[in-house]
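Shared between the two complexes below is subunit A, which pairs with subunit B and subunit C, respectively.
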Partner chain A sequence: MKWFWCCFFTFWPILAVIVCLASPSLGWWFPGASASPLGERIDDLFYMILIISAITFIGTQAGLAYVLFRGAADTDKDPSHKAWFSHGSHELEVIWSVVPAFILLFIALYQMDVWAEYRVKDAFPQQKMRSVLERLGQERDEDSSLALAEVTARQFEWRIRYPGFDPETGDLLPLMPEPQATDLYAVNDLHLPSSSPVMINLKTMDVQHSFFLPELRIKQDAVPGLVIPIWLEANEQRTYQLLCAELCGWGHYKMKARFVAESEEDFLDYLHRLHEEQNYDRVENSEDVAAE
Partner chain B sequence: MSSIAATAGSSDHGHSAHGEDRLALLKAVPFWSTDHKVIGIQFLLTTILMLMVGGALALGVRWQLSFPWENMPILGALFANAGGQVSPEFYTMLFTMHATVMIFLVIIPVLAGAFGNFLIPLMIGADDMAFPILNALSYWIMWPAAFCFAASMVFNDGLGPNAGPAAGWTSYPALSAIPEAAPGSGWAQFWWLLGVTLVGVSSMMGSVNYMTTIINMRAPGLTLFRMPMTIWGMFITAILQAFALPVLTAAGFMLMADRVFGTCFFVPSGLVVNNAAPTVGGGQTLLWQHLFWFYSHPAVYIMVLPAMGMVSDMLSCMCRKPLFGYKPMVYSLAAIAGLGFIVWGHHMFISGMNPALGMTFMVSTIMIALPSAVKVFNWIGTIWGGRPVFNVVFLNCVAFISMFIVGGLSGIFMAAVPVDIYIHDTYFIVAHFHYVLFGATLFGVFGAIQFWYPKMFGRYMSEGWGKLHFFLSFAGFNGTFFPMHLLGVAGMPRRYADPYLYPYLEHLLPLNQFMTLSACVMGFAQFILIGNIILSWFFGKKAGRNPWNANGLEWTAPSPPGHGNFDIPPIVYRGPYEYSHPDRESDFWPQTEPPEAPKPVPQQDPEPAPA
Partner chain C sequence: MRTSFTVLLISLCVGCGEQPKFVHRAEFEDLAPYAQDYVNQVLQSHFGEPTDMVVWDRLPLKEHTATATVVIDNIPSDEKVKEEEEAAGTPRTSITGPVSVRQLELDLNSQNLDIGEGTELLWLDGPLEGFPSSWVTDWDAETQTVRLETPLHDLPFNGDQVVLGPGEVLVQGRLLYAEHCQHCHGVTGDGNGPTAPYLNPKPRDYRLGVFKFTTTKRENRAAREDLSKVIEDGVPGTYMPSFKLLTQEEMTSIVEYVLWLSMRGELEYQLISLISDEGYSVEAIRERVADGESYQSIRDEFIERVNDPDEFNYEVDTIVSRIANDWEASQSEDALIHPISPRVPYTPESIARGRELYLNESLKCAQCHGEAGYGNGSQIYAVAKMKNGDDYPVPGLHDDWGNLVKPRNLHNGTYRGGRRPIDLYSRIYAGIKGTPMPPFATLVRRSDPEDPSSPLTDEDIWDLVNYIYSIPLDGYLPGQDPGASAPESEGVAVHSFE
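Our next item is the complex of A and B:
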């Protein structure tokens, strides 16, 4: 029986490794390669930790299997031969404290850059964000917001506010902290230009929610009372999933929305369409009539 | 204090010393008792009952994840409306109450309450706890707590299946603070908070008691560095409880005040919840997260350190070998506990707190893996060169190590902030904490039940049934929880009543069904454990004082020990791990056995490696 148990404890880590190796081809892995440059770096960090921990996992489980088999074999020997009377080894303790310490410290320090770029506002690619806004023809000055849209979560939907167009010049306005008469609105449908960093402001009207774009590896909680800037950059022009990752009530699972990354022209077209829908049947029409 | 025990044998207290009434402790269980052993067994039986309750709730969760919106068998008929379909409200209640029951009514009380109570006085040679009445209260207050939790499941603004608290075991405001925010955020949330507070009172009474007992009531000769690891684990846990718990209790009262008296500790102004009038206020929801995790991160160590201690003791005994690196083991326990106070922010990386804090919490969190790693290496070192007995106790201990490795490694992924951006609040985290809480702690507890059962009831538990239980639990456990890592990597969020609403998760349904099947195997296997415990009361092989040839003080007392524990007051001459000493005939050397030769035994000499 003891051999069975030795094999048992050897077998399961092997099975675990096999399952992990097979899982990408079974679809039990990332939802596609990362669709954003920052996400690619997150994936790289993930794989780095995966390799280090796979080595540790295999090493420690193999060590465990070894001492089990060894112990099982030794009990078969002369029963008067006792176990190794050892209280430990100072050298080993030093080795297995210092080596992991350096590896762990390395892992920790190696993460800093990506985190800073993702979250620390000074490390945002602000220059690039500004040039997108300029290419969109936004009427900006020095302290206009870098955010292109404001996403407000509420039970159980995402409300999106874009800046509207200047009624005089027809140019895109900067996003103001407070809602403006010219603002444009959409629900559960976030459109942004692709292929360059864009920033949005995240808010919530009621409880906590979390803005989660799995394909872009982006997640940020929306916190009552706070406005949290996040930025993202979609590599491709396509539709991505947007979901909520923080429990927000019974309907948490159905805060389903989409994020459409499109070219800058298409994005402007989209805003114009929103503008027309929102102003349809109102001022322009009556003015047209009056002009005739 | 143990001098009282000297007379116990001759007085009428010591009846079970005659070894006749093996169920003496069990018979006292239904009644008020201030005997630490009875209280320990009361806790043990209650937590096993709660384990089954929590397990049933978990199977409800698993049902919905593998057969979404289909009528739930058995439980459905009792609970859910609409003919047994799991509604989303019911689903949030299921996972909230599953976690609540498992954490507050199973894992914490089974370690500190059951084994802490039963073992501390016995292992340090005391006749009882320092404050026996406080001790009894700490058990009986669990019932009002359980009542509050039960009430929270059924009363809300009326009776109904969908009424339960719905904010998760973490109860983040504003969801939990504003009654309009969720169907379960009305009275259900109030009952829930009251329950948590009562559980906290229980833990606090235990904690004060354990600290006092361990500091003041050790047998002569039992210096700190001769204490078994179990006692170290319990001691450090008690310190953690004492320092961390007041924060949670205070936070609980603040949240209660927000809900009942209209204060706004956690509610910022201007929130419009469910079309109710906007909130006034000026509080901060993040404050709750800080306070909650300031307690609950140390609490996750409260849920594992005693098990680490017990596993160290059991391993050493079952391998007939001294514990490898006793002092590093003690220091790493202390390091985990100390670091445990400065890592709470790793639950909040994505929460919107200052990103610079995220970096510091990342470093401290990753460094906490170091003492964990040291412990793993030392456990493997303990088996190394030993003569392991492959019995149920040993198998469960090996499972503990093997599973803890997985939980520790997955912790590093989440501690790395950028990676956590993606895996936070996905099933990866669910996998992580089940590997440490079930995989490590609960397997350790299964081993501990088997190991100390003879001391409790004077009989062994069945090895055969124990092995079957172990095999099914282990296979079921890994079948259920290992795939959760993969679900997490695939981006499946936790706490979703229906993840398949999202096309990128649809193909995960078959895997989830497999996991539910495994969970059923694991869940029903626990009936074997219960059967084994009950049948062994009557039919188990009879055990003497020291059935495992172990060194600890508890094995010098009768099985079961009478009131006052020891018929001979123990005096301690050495540490608890002197197994297989080369100069001795037998392969163990009880702590109480006086040294034969007057010359001191050199213990720290370099030993030759096994041939």
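Our next item is the complex of A and C:
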């Protein structure tokens, strides 16, 4: 019976390691390769922690297996053999407290700049954001918002507000905190320029939601009463998934949307299309009517 | 413990759903049992059940994957075949064994879904009519050629009509409806699914055939585009979310299925009203018996009327024709609202004119929406009457479904039926169907009131639209920046334009 237990406790960690190794090829891993530079760095952090955990896990499980088999073999030879009893060993306690503490401290320090860049507004690549907005021809001054869109979560969809165009000059206006007559609206369809950092403001109309772009490794809760800036940079011009990652009610699963990263020209075209659509009055030929 | 475990195990094996079934309206229960049987029989024979649908060709739906005409260049048409038959001295149908034709060129008359492997091909006429359907293995859209699984029994003629995927749109629509819509709108489309009790406003009950947010004229129903727009963009301010990620085909399927449910529900509604009015509700029968008739004679009379083709059958026919015609007419270009003049520019002058109209006594906007547009006009305290003449128990405005409705607070900037100028124009021009919001098509008048030959103008409606746009923006105009100075500017509102 003791050999059964030895094998039993050795089998599960081995199975865990095998499943873990096989999972990328089974599609149980990340939702595709990271599609943004920051996402790659987040992945690197993940892999670093995974490696540390893997070494610890395999080490401790190998130790456990060794102790089990060794003890079983020893009692086979001599049934009265007693195990070495380590409880209360001061030295060992110090070792296994200090080593993990150093590891945790290292992780805490090592991830800091990625976290700061991701979450702290002063560490955002603001210069690059500004230059995108300038390339889009936005009429900006010093105080203009860096955000290019406002995403408002609501049960159960994403409503998006973009700044519109100046009716006189036709240039893109900056995003204002309050709705404007020129603003453009869309739902469940976020378009932004790709290949450079852009910022959006996240809000919620009702309960807590979470803005989740799995391929870009972006996840941010939308909290009632707050306007939360998020920045993102999509490497490729394509369509990504946009999901809600916070169980927000019975229709949570309905909050599926798309995020389309496109070239700056295409983005402006998209805004122009929205403008057309939003000003549609179904009068095909106004001259004809006037002539009647 | 063991019992609950067994129950769990059984339910896991069996699954927890029975087949979805259509439910009847509440009024159905008021009918005499034999009248209920008749209503049931009509609905069953023309609509079936969700999992066993009957496609009724009287309904103006795009229910098939595609309809097509067979094109055969080298194969003889009717007359040629006759000539050949005469020449050969034997009728062509006596060719023994199946002809080995497995490829057909089709001229598509309409297509709603993709044709692909497993699509059924049903022969509507020609020599193959009545034969079992053929099954498609491959469709080449470029050459318009379909390849079939088995050879044809006989050669079709040029011009034979076929249906590809009969009823397939509704079948797909039902599955999508079950996935996305059913939990609120219900299996029957009665707006009473399992999640409906938690919602305010209530999900739409399709069975009146009325949809609120349309861009069609007052007398018309919703256009297909109106329905698909609501599905695509959702209804902000309600629980109806946007289903933007549906493909075009999925959208078509859902819209057709919703229309089908609506037509079924409306037929049921009208038929029940008719039978009740004719005196076959339990209550009416009781009165008639009190007046001296016997139960048996009323029942015999009913059955006689059911069997008489000029009685109830004729009425069902009339109701269906009316429903079908109404829906079909609503899909035409004429049904759409077309403003006469383009939108009036969004200027302070236009907004001020709009505000004046809004406060105009004869238009009565403020009676419901309130003078300041907060949706708090005096009508919300008035007692409204139900269809049967009784008072509603709660004061306030009610819609055709009997739900309490609030006049819109115009300060929210939430436009349930869409925020395009044409949407707001339609709300004012045609009103909101099924609600107390009336149509204001009368605002279209001669540009010169003195001269009856002067062109029509609808600039008043556009001024109102501009005023409504301006309310949530506190009267700011494009280019102005309320953001930074918002706190100080409180109270500046639209009055500043006067």
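As a working rule, the second predicted complex is superposed on the first by the 270 of 292 C-alpha atoms of A that agree within 3 Å, B and C clash if a C-alpha of one lies under 4 Å from a C-alpha of the other, contacts with A are read in each partner's own complex, and residues count from 1 in each chain.
Keep in mind that, in the parts below, a contact is a pair of C-beta atoms (placed from the backbone, for glycine too) under 8 Å apart; a residue touches a chain by one contact, two chains touch by 3 or more.
From a predicted model like this one, the values you see are computed outputs, not experimental measurements.
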Touched partner set for A:Asp166, first subunit B, second subunit C, both or neither: second
First (subunit B), second (subunit C), both or neither touched by A:Tyr280: second
Which superposed partner A:Leu45 touches (first subunit B, second subunit C, both, neither): first
Which superposed partner A:Leu64 touches (first subunit B, second subunit C, both, neither): first
Contacts of A:Ser36 with subunit B and subunit C, given as first, second, both or neither: neither
Which superposed partner A:Asp221 touches (first subunit B, second subunit C, both, neither): first
Which superposed partner A:Gln155 touches (first subunit B, second subunit C, both, neither): both
Dominant toucher of subunit A (residue count), subunit B or subunit C: B
Partner chain in contact with A:Trp250 - subunit B first, subunit C second, else both or neither: both
Which of subunit B and subunit C A:Gln138 touches, first, second, both or neither: neither
Overlap of the subunit B and subunit C footprints on subunit A, listed as residue numbers: 154-155, 250-251, 254, 256
Subunit B residues within the subunit A interface of the complex: 87-89, 91-92, 166-168, 172-175, 178, 181-183, 267-274, 284-286, 319-328, 350-352, 355-356, 358-359, 362-363, 366-367, 369-370, 373-374, 376-378, 380-381, 383-390, 395, 398-399, 401-402, 405-406, 409-410, 412-413, 415-419, 421-422, 424-426, 471, 474, 478, 482-483, 486-487, 489-491, 493, 495-499, 501-504, 507-508, 511, 577, 579-582, 587, 603-604, 607, 609-610
Subunit A residues within the subunit B interface of the complex: 1-2, 5, 8-9, 12-13, 16, 19-20, 23, 27-31, 39, 41-42, 45-46, 49-50, 53, 56-57, 60-61, 63-64, 67-68, 70-72, 74-75, 82-89, 92-93, 96-97, 100-101, 104-105, 107-109, 111-112, 114-116, 118-120, 154-155, 204-208, 210, 212, 214-215, 217-226, 228, 241, 243-254, 256
Interface residues, subunit A side, partner subunit C - complex: 143, 154-157, 159, 164, 166-168, 173, 176-182, 185, 187-189, 250-251, 254-258, 277-284, 286, 289-290, 292
Residue numbers on subunit C that touch subunit A, as the complex places them: 180, 195, 198, 215, 233-234, 236, 239, 241-245, 336-343, 346, 413, 419-422, 425, 455, 469-470, 472-473, 476-479, 481-484, 486
